[in-house]
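First the structure, in the form of structure tokens, and then the observations on it.
For reference, chains read A, B, C, D and E in written order, and residue numbers begin at 1 within each chain.
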């Protein structure tokens, strides 16, 4: 289940622009990776400290500095001062409760968004915050923890496949955003499969556990929706507004990316509708099942209650010797068969009545 | 039931513009058809390979190249290179998870949309993706499989009925789009009939199967809605924006087509409202029926429980000889008639009470 | 109940602009009426064929040609060619599934809208399609069948009451539209009365039939809504846009008409809200009533079940002679009164408990 | 309960601009009041007929002519001709089904809106229609019946308190509108109190009457909403558009009034949300209560049914003398205590089971 | 629980601009605090009366005058006349029913908004109204009662931490607004925790009290929503419009603050969705639980009712000596074992039937 929020309490009352990490604390050490490439060269570094990154700032080749882990605040702060980031940008990078947005500064463009990751072990979705700093030839990306979302992009740079080595940092940004949006598709496919499983379970054998699964699906859609609508705004703004450092030649790619985001949103909304339809069906099925059980009780009770009453009548101890009116049936020659016949008739009559009413 | 999605997993991580087919794999071989016509001539070809299509590219007459089947990726790729389509266009043609859209390029206009098809055998609706490439004198259309949607247009070209032979590729595009929108009407009529059948079933004899039918109708409306709203945007854009290769003389036809799309949307929304009304009524009917059954139980139980109790009393074995207080009724001359009378009175009193309460 | 749609199937695949009647086929012969008037003269004709109408086309006086019945396609087609109507206009006049709209052509303005008519016999609402062709001095109106909606306008022209004889064809159009909107008010009053009747029935004695009436009301509101929102757009467009043949002197009347349409919409939306409130109340009432019945059963059963058990105890046949432990109460002097007293106490205790719990 | 509508039937078919009163007919005679004031003078008249009002039309001082009662159509018509009102204005004043609106004419501005009035006796809300004619130095106000809403304004003019005597007819209009909006606040306070009462009743002891109160609250909110949203448009238009006869010096007051209207709307919407929350809670409470009652029945029945069965067993009349297998327990020395012990054990076991399941 | 409103009744009928306190009356004396600072100096005063505040009005340094407590109307009025506030501003400051808004005057900017405060003792949320007067070098803030929301800002001014001492009154306003928005985050975290607690309770052991908690959460969200949407408008207006006294250098901070407000709104809307999901789940859980209990009853009753009937049969007193047909089983050698075996068979058969139907 998504966590609803990370505590910001320790941040309350501090001046704006204070660098404090808000989010899940993880044990691993943060890792810096630098990939530097142009059409002909490709190099990967794992700098031990931020100072080593500085040299890439002014190179002509495209540099992609990636930070895995935000809990070591000092790394982010040093990068911030090294690349002259605004204090509010550093604060936003560290505060993982951000809504997706684009901030344009003189020296760089700051992008923040949510990337969904599916945790197979827990069968849960996590939303990880990813920040990007885009400048002339450099992209800095900040992830909350190590992940393999950007692996494919790294491989494409390495192999020199596609146009990635021929184009600048803006195309790299586009490729990274494309991976994030692809992640949404992967996640939605998993949720789509889960929805179909729940639908089958619903028809085959609905249990209280089905209800819990529907609830979690619903909750996931609510939180996905909260993260994907602002993403749309961000990509729309990249595509439409005149954002610095983004060349005209990739506008078309961004439009395509925007179309993908709209597809994601359409799917999220459709799933929401389907899930709420499923909940209705679940409730009706439960109620139908209950009705069937109740009907059995009704018929059983309704048939046996009068029979038991007849048996009770002839179990009364009226003194037959004191008066001829006192239960003469008991002394009849066919008394017992008569009583049994009476019972069978009553039961038969009721069954006929019920089947005529279509209750059977 | 609509499939919620086709797996895109194999596509994740590949560079944008990679040509991979996402969608239902079918066994049939893809088929190429070329119809070439002007006011006076009309020819049909079935080229064996894409190279044969090239010659139509520069002819003055209108050429309509139709591809049935997307699973043979190489055909689409060859057409793409032959007609100089952008890599992203080829990718979009092959990926059947597209949302309807128009992309304007220098050399051509790319349109993609969903066409509903009703499968009579399975009593199901399928949404097939159709792509169109519009250029000066040529239209290329891509369908997922062979279908008869465009048969009527083919016949009209053949017979020279209407204006189709006198006008250019833009009017042909309009005619094809018009067939697609007509398909929506056909589908909505079928769904309208199904809704009326369900309504009748609801009033006559609601069963758990009725619920399942309502659920499927609801789901179909959700997915139809998802495909028809973007279609509206596409046709609006054709009508309003200054799209190349579309002449002013067919604007009026596009406006008419747009009005039809709005009618489709209105109907879809109205059906959604009606279906959710039906669901409410279903739930209430089920609940009413249950109440009726419960009332019978209540009345039966409420009447026989005290009678059985009275019979139980007189079935007790108190020793009437030890004390005159021990069940003297058992020895009365009219003891048994008295007991029966008591029971009838109790039952009658209760029936009176229930009928006064309007429970009968 | 409104019909959800008329079949368009026979029209699928025909070229756009083909004149085919889609709608209810009626037996009556279509009727042509021509009213020709100016400030001083007033004439009524019933031409046998369309040719006779032509002469009115160029007269200075205002001519109102009314057609009752669309099933005689040839009449509409002849009028179309006589007054040079576009093929798509003729098609739209004949296809009764139109959404209300205004189309502006060089020679005329085409308006189509839905007019509600209440069928007293069937207690149902019908939506009839009405089309208007407005040109300089002429209005042609097409109705699906004979009706008395425009009777009052006819009388006003005849009597010369109001301004109608002094003003042109635009004021006549306004008067006709005003009658249509007035018809909505009449219908809404009937529905308002029905809502109040249902509300009273709901409080007095809700039955399954109440549910059906609520469902039909809801369905009528959904379909009315679908027809009245586009009507608003049409009248707004007449009022705001610079529509040819509509003079500035009637703009104020159109604004007033527009206000009336907004009132209709407000009322429709309010009724929808009230009806869905009524449905909630119905469901709750049914559930409350059920609860009351169940409570009676509970109390009856809960009281008599232990009493019957006590009677059962003393009905056991343990051999009192074999052992002094075997049911000595049976031989007590006050055994029976003791048992009765025990029963009364148990019953009294339970009644006390239930009344303390406020269940009685 | 609000009346849903007043019948317009008698108006259908009449030419636009016909003066007919639509609304509640009251017995009282309509009353005319004229207040004439400037900074130094203050006079009140009760003219017997409309002619006496004419003299105020051209005076420099501010004149406020108030009409209580619209059923005497001739008074409104005479005022209309005296102040040269448009026929449609007169019609709108008399037709109490108006939606709030502003109509700007050359000589005057026409405003119509709904004023809520709380009827303490019937515990009901009435919406009264109020119309204002604003011209250079004159305001004419039309109310449906005598009320005390404008009493406070009258007193302020009389006492010369505030700015009212120093400013023109526009400030007087603002003051009157302010009283109307204040009336909404008064009403919302009463409804707020009612909501809190219902919430308390809900927690303490929900009854079917609670449901009826919730329904009436909901209905009142629906109808209030219908009257207050157009009011917002009216006041916004007064504030933003360049309405004649309204000076710039009162724009700020109108902005303040507009803010109040927004507060009213916010409160109405909030109340709607709260009321629908209350309905949910009501339904759940009822269902909870039902469940508690059912649980008691279940436990009673489940415990006593097997006990009664055991008693039934030992009440069978098998002939113990014919066979040693025939109910030997009946002749045991501790047979009866054994049977009682068996019963207690069964009951105890079941109680243990139920309490372990947390059903008790 | 939030109070729905404060009574405005005593204000009805008074002229606009009358200074009357509407809100909670508190016993404490109102307190004035003045903080005066520039880059080098910092002073705090607690003036006894308003007159002492005047001297700060024209100083070059930034002055922050804070008023805790609005019930002493004269203090607000004196400040109003001292700083030349408009009568409507003074009225709005005192009337705690304001919707958040910005009013721009020639001499100052007036801001009013709602600040949420969580009362730990009552486990309730209060919305306090805060007003700000911003002019060249001065801010006047009005709170309803003493609170510690602005304590952190006071400390930052005192310590000279951050930029606060270097910048003007506009940055101080921003800092104060930032504290208010931070308060919303604190509150939402508490509500988020409460939601998770309720979710856990829901899964573990739903009780009627859970329902009440859900209702209060829902109500709190409705009222929070009502206060936070207008706040967004206020901060957006500060950020976008050209508000006087707000320098360009803090626009970026206001944009950041605006982003935070959007986050608050997103969270409020997400919580609303989650809470309504929880309510659905609660209702379903209750219904499931009820079903389980009912199933037990059904099975118990259905099994024992026929058994009891069999026992009843053999408890009948037919005279076996009068006829060989009268209950011969009673005299059989294995009569009793036969009866017991019959009962066990019936019970076993029914258990088998129920388990096959998956009811067990």
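We adopt the following convention: contacts are C-beta pairs under 8 Å (C-beta built on N, C-alpha and C of every residue); 3 or more make two chains touch, one makes a residue touch a chain.
Nothing here was measured: the structure is a model prediction, and the numbers come from that model.
**Student:** Steps needed, at minimum, to get from chain B to chain D via touching chains?
**Tutor:** 2
**Student:** As a quick test, compute the distance in whole Å between the mean CA positions of chain C and chain D.
**Tutor:** 25
**Student:** I'd like to verify one number: the distance from the centre of chain A to the centre of chain C, where each centre is the average of its C-alpha atoms, in whole angstrom.
**Tutor:** Centre-to-centre distance between chain A and chain C: 41 Å.
**Student:** Which residues belonging to chain D are in contact with no fewer than two other chains?
**Tutor:** Residues 287, 294, 297, 301, 305, 308, 312, 315-317, 327 of chain D each touch two or more of the other chains.
**Student:** Using the touch rule from the top, order the ring's chains starting at chain C and going via chain D.
**Tutor:** So the chains, read around the ring from chain C toward chain D, go C, D, E, A, B.
**Student:** Sort out for me which residues of chain B touch chain C in the complex.
**Tutor:** Result: residues 151-152, 155-156, 161-164, 174-175, 178-179, 182, 185-186, 188-189, 192, 195-196, 203, 252-253, 255-256, 259, 262-263, 266-267, 269-271, 273-274, 277, 280-281, 284-285, 287-288, 291, 294-295, 297-298, 301-302, 305-306, 308-309, 312-313, 315-319, 322-323, 325-327, 358-359 of chain B touch chain C.
**Student:** In the complex formed with chain E, which residues of chain A make contact?
**Tutor:** 4-5, 7-9, 11-18, 86, 88, 92, 97-99, 101, 103, 205, 208, 211-212, 215, 218-219, 222-223, 226, 230, 279, 282-283, 286-287, 289-290, 293-294, 296-297, 300-301, 304-305, 307-308, 311-312, 314-317, 320, 327, 329-337, 339
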